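Take a look at the structures listed below.
Across the two complexes that follow, subunit A remains constant while its partner is subunit B and subsequently subunit C.
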Partner chain A sequence: MAQRILICDDAIFMRTMIADILTGAGYEVAGEAESGLQAVERYKALAPDLVTMDIVMPDMGGIDAVKAIIAHDPNAKILMCSAMGQQQLVVEAVQAGAKDFVVKPFQPARVIEAVQRLLG
Partner chain B sequence: MTRPDHIDSLRNDGLREVATIGAGHAATALSQLTDRRIMIAVPEVRTTTSAEVGELLAGLGDHVAVVSMRMLGDLTGRALLAFGEGDAAQLCDLILRREVGPPRALGELEQSGLKEVGNIVCSAYLTALSNFMGMMLLPSVPSLTMGPVAGALTDTMLPTEEGGDPVFCVDTTFRGGGADTTLLGAFLLMPDHASIRAILEAMRLD
Partner chain C sequence: MSDAQRARYVALFAAEARTLLALGRRTVATWQREPDEPAHGAELFRVLHTIKGMAASLAFEELADQVHEGETALARVREGERTADAAWFADAEHLLDALTVRCEAEIVREGGPAAAASTAALGAARGGEVVRVEQGRLDALVADLGGLVTARQELERRAAADAISPVARAALAMARRLDVVQERILQVRMAPLSEILERIPPLVRDLARQLGKEVTIDVQGEALEVDRGILSLLPDPLLHLLRNAVDHGIESPEVRRAAGKRAAGRITLVARHDRDAILVELTDDGGGIDREAIAARERAAGRLDASATLSDDGLLAILARPGFSTAATLTDVSGRGVGLDAVLSRLHQVGASLSLSTVPGRGTAFTLRLPMRLGIVRALVAGVGGERYVLPLTHVAELIAWDPTEAHQVEGRLMLPVREERVPVLDLRRLLGHRGSPPPTHRPAILLEANGQRVALLSDRILGQVDAVVQPVDRPKGMPRWITGATVLDDGRPALMLDLASVV
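Right after this comes the complex of A and B.
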């Protein structure tokens, strides 16, 4: 069975792009979220195998969403996908529990490589 | 406090250097998004008025698409990424990997794409500045307006200063494309007055 991924990004353009990349590589999109709050709710409801997480989003940012998801499931696999590649933010995301960080704009191969590494 | 009308040539050069670093990274991001070669003009550092910002945008076309973001973190201010509406439509075709056709109405996906371009370009710019100056900088969620310049440029896109003017502005023109397209856009960074001082201090120019 295909592994299921939850895509969290406030931009429908970016969700569509990530969904295309993932489905093209044989993964299933478990669902989408357009804010940090939705991401936490959908994670609890869908229990995906992996989450892609933007940082700058309305309501709740991606790093706070990572903390909330990890509090619910310490084994959650979260891949940050953000245009913000600043060292401090990467460190903060990893400390919150994210497993890897891909900076936008990204090449599809870079996303697939990170997902494959996390899902084994 | 350093007022924008008291910035001498040394500081002006320093600010232009910061802007060049930021714009270079932003152009790289835009090039990756569009799969086209993107060149930048030497950034202009100026104190300007909101009316002049409007004139600058009018140079892109009668109708423009403007992505606006607030700059948050160790520095605060405003950032704008603007294209003429025709170029914005071409840009959508490029980022959506479609054949570039005649300008068409921009639907939800296209508008989201333009906002994301603004977010990515602004983030690349701020990341370069952040690494250079050792500061934490974040863009807000972007908003998009389209239409005649006068309508597309609203007061909320400009820094709020006492009396309204002048606005300190670092602007960079992007030009790019290929056989099928020519793209002309402008990125404007408008730090609040207090943040200009912080930039100069970080560069040891104050």
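Right after this comes the complex of A and C.
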């Protein structure tokens, strides 16, 4: 069975692009979230195998969402999606429990590689 | 990424960037009122950041760089290195304007949806969860609905003949429910004018800056909704008229001051309901169109009699002519793009019309009259001889019973007094070349209003109103352009649809 991924980003554009990359590589999109709050709710409801998490989102940013998800499931696999110039925030996200990060604009190969590594 | 994929991303970018820029503008406005609320700065940052991410993904490098500079300036305020004072807010507004212009340019360059994006309405602002639907699916839904509405009218007609049978009662009950479904389906195709109108002020301000003019723009009525098919036709004519208003209408600040006007010209764009139509009025307080200069040119070219004057309507017909230009030399701004004739012909096809009123020294007003819907329109059924015709209500002002003794010939034209005014009379029989049975003694007149003019249209009978499902007709050469389509009436027989805005 295909592994299921929850995509969290406030831009439909980004969610579509990530979904295209992931489904192209045989993964299944378990669901999408457009705010940090929604990301936490959907994680609890969908129990996905992996989460891609944007940092700047309305209603709870990505970092707080990572903290909340890890508090709920310490083994959650979260891949941060950050823009250039957000190194400090990425470090904070990794300290909060995120496992890896990719940088926008996305290189599809780089995204797939990171997902494969996390899902083992 | 493939071309098709890129086109899809560009369409998403168009819809989302526009929504975000509008949000950014609202955020700056609120922030100005509540300068101590850090949430506004955070929101503006999110807007810029999201646009930057999308721009970088599509390799719109200059746009991404420009947004990045904006982010940097914003960061200084958020980190307390700079105060958000009036000058800073003005810069922020300017940045959002410039970004809007650049986004639109990128979208156009990609051949993307310059008009209302099919995937627009992404904004979460209107409450409830928003889903995206392909335009093609909506069109198919309305096309299918058309067949159903026609079938239902037939069913209703048969049921009416036998109103007490249980089958007839059930049929009528179903027809009433279908009314609701029809309304809801048509609602799905409706979108607020704000999708277009919100993008206008930044474009106008940017234009004004390029041309060294001072212009304030005021937009009202954005919440009104029209069919997406109509909405998507609006940007071209509106931008065309706005460019001309800024370039040729509004005078330079020096000229305005000398004429005793405020240095800043004022453009208003107001949308409102009028009967079964939406009016979009674009007004400027500039110098007005130089009617005499244009008339002189027309006379010199032998297109206008020496003694004749130009009405507003005649003026509009000249302005709309392919290749027309009022300025001695075209400026970079209004000289480019499609001509007014091209944008108007697309509007006429959906039953819209444009009118003009201009006063020297005071300014110019253009009024676009738009149908609210496509596909299924509210229409009047008129009988002429044994034939029936349907007329969309967009341009119908009222029905008048009249007495032939009230009409008078004025300069060879039959005129009918309607309250304070004399209105020229047009006979549908003559227009349609109807021969045969003589007309009835009492003939109702339909008062049509379009392009700022009114005309009393004589028919033989008024047979009621219908929801007409518009079907395109094959157009043999020489077919008048006011025959806009056909529809099937409740007895299953076809009728031509006439949109007489162009003959008014």
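Basically, the second predicted complex is superposed on the first by the 118 of 120 C-alpha atoms of A that agree within 3 Å, B and C clash if a C-alpha of one lies under 4 Å from a C-alpha of the other, contacts with A are read in each partner's own complex, and residues count from 1 in each chain.
One rule holds for everything that comes next: a residue touches a chain if its C-beta (ideal position, glycine included) is under 8 Å from a C-beta of that chain, and two chains touch if they have at least 3 such contacts.
Being a predicted model, the structure only gives us computed values, none of them experimental.
Participant: Return fit or clash for subunit B versus subunit C, each positioned on subunit A through the superposition.
Facilitator: clash
Participant: Just checking: does A:28 make contact with subunit B only, subunit C only, both, or neither of them? Give me first, second, both or neither.
Facilitator: Neither partner.
Participant: Counting only touches as set out at the top, which of subunit B and subunit C does A:73 meet: first, second, both, neither?
Facilitator: A:73 sits against neither subunit B nor subunit C.
Participant: Identify the partner contact of A:105: answer first if only subunit B is touched, second if only subunit C is, both if each is, neither if none is.
Facilitator: Both partners.
Participant: Applying the touch criterion given at the start, work out whether A:57 contacts subunit B, subunit C, both or neither, answering first, second, both or neither.
Facilitator: Touch status of A:57: both partners.
Participant: Should A:87 be classified as contacting the first partner (subunit B), the second (subunit C), both, or neither?
Facilitator: First partner only.
Participant: Any idea which of 186-194, 204-212 or 294-302 of subunit C is the one running into subunit B?
Facilitator: The answer is stretch 204-212.
Participant: Check subunit A for residues that touch subunit B in one structure and subunit C in the other, and list them.
Facilitator: Common to the two interfaces on subunit A: residues 10-14, 16, 56-58, 83-84, 104-105.
Participant: Within the complex, which stretch of subunit A touches subunit B?
Facilitator: Contacts found on subunit A: 10-14, 16, 56-58, 82-89, 104-105, 107.
Participant: Going by the contact rule set out above, which residues of subunit A touch subunit C in the complex?
Facilitator: Against subunit C, the touching part of subunit A is residues 10-14, 16-17, 20, 34, 56-58, 83-84, 104-106.
Participant: Show me the residue ranges of subunit C that touch subunit A in the complex, using the header's touch definition.
Facilitator: 5, 8-9, 12-13, 15-16, 43, 45-46, 49-50, 52-54, 56-57, 59, 119, 122, 124, 132
Participant: Please name which positions on subunit B make contact with subunit A in the complex.
Facilitator: Residues of subunit B touching subunit A: 29, 32-33, 95-96, 108-110, 112-113, 115-116, 119-120, 122-124, 126-127, 130-131, 136-141.
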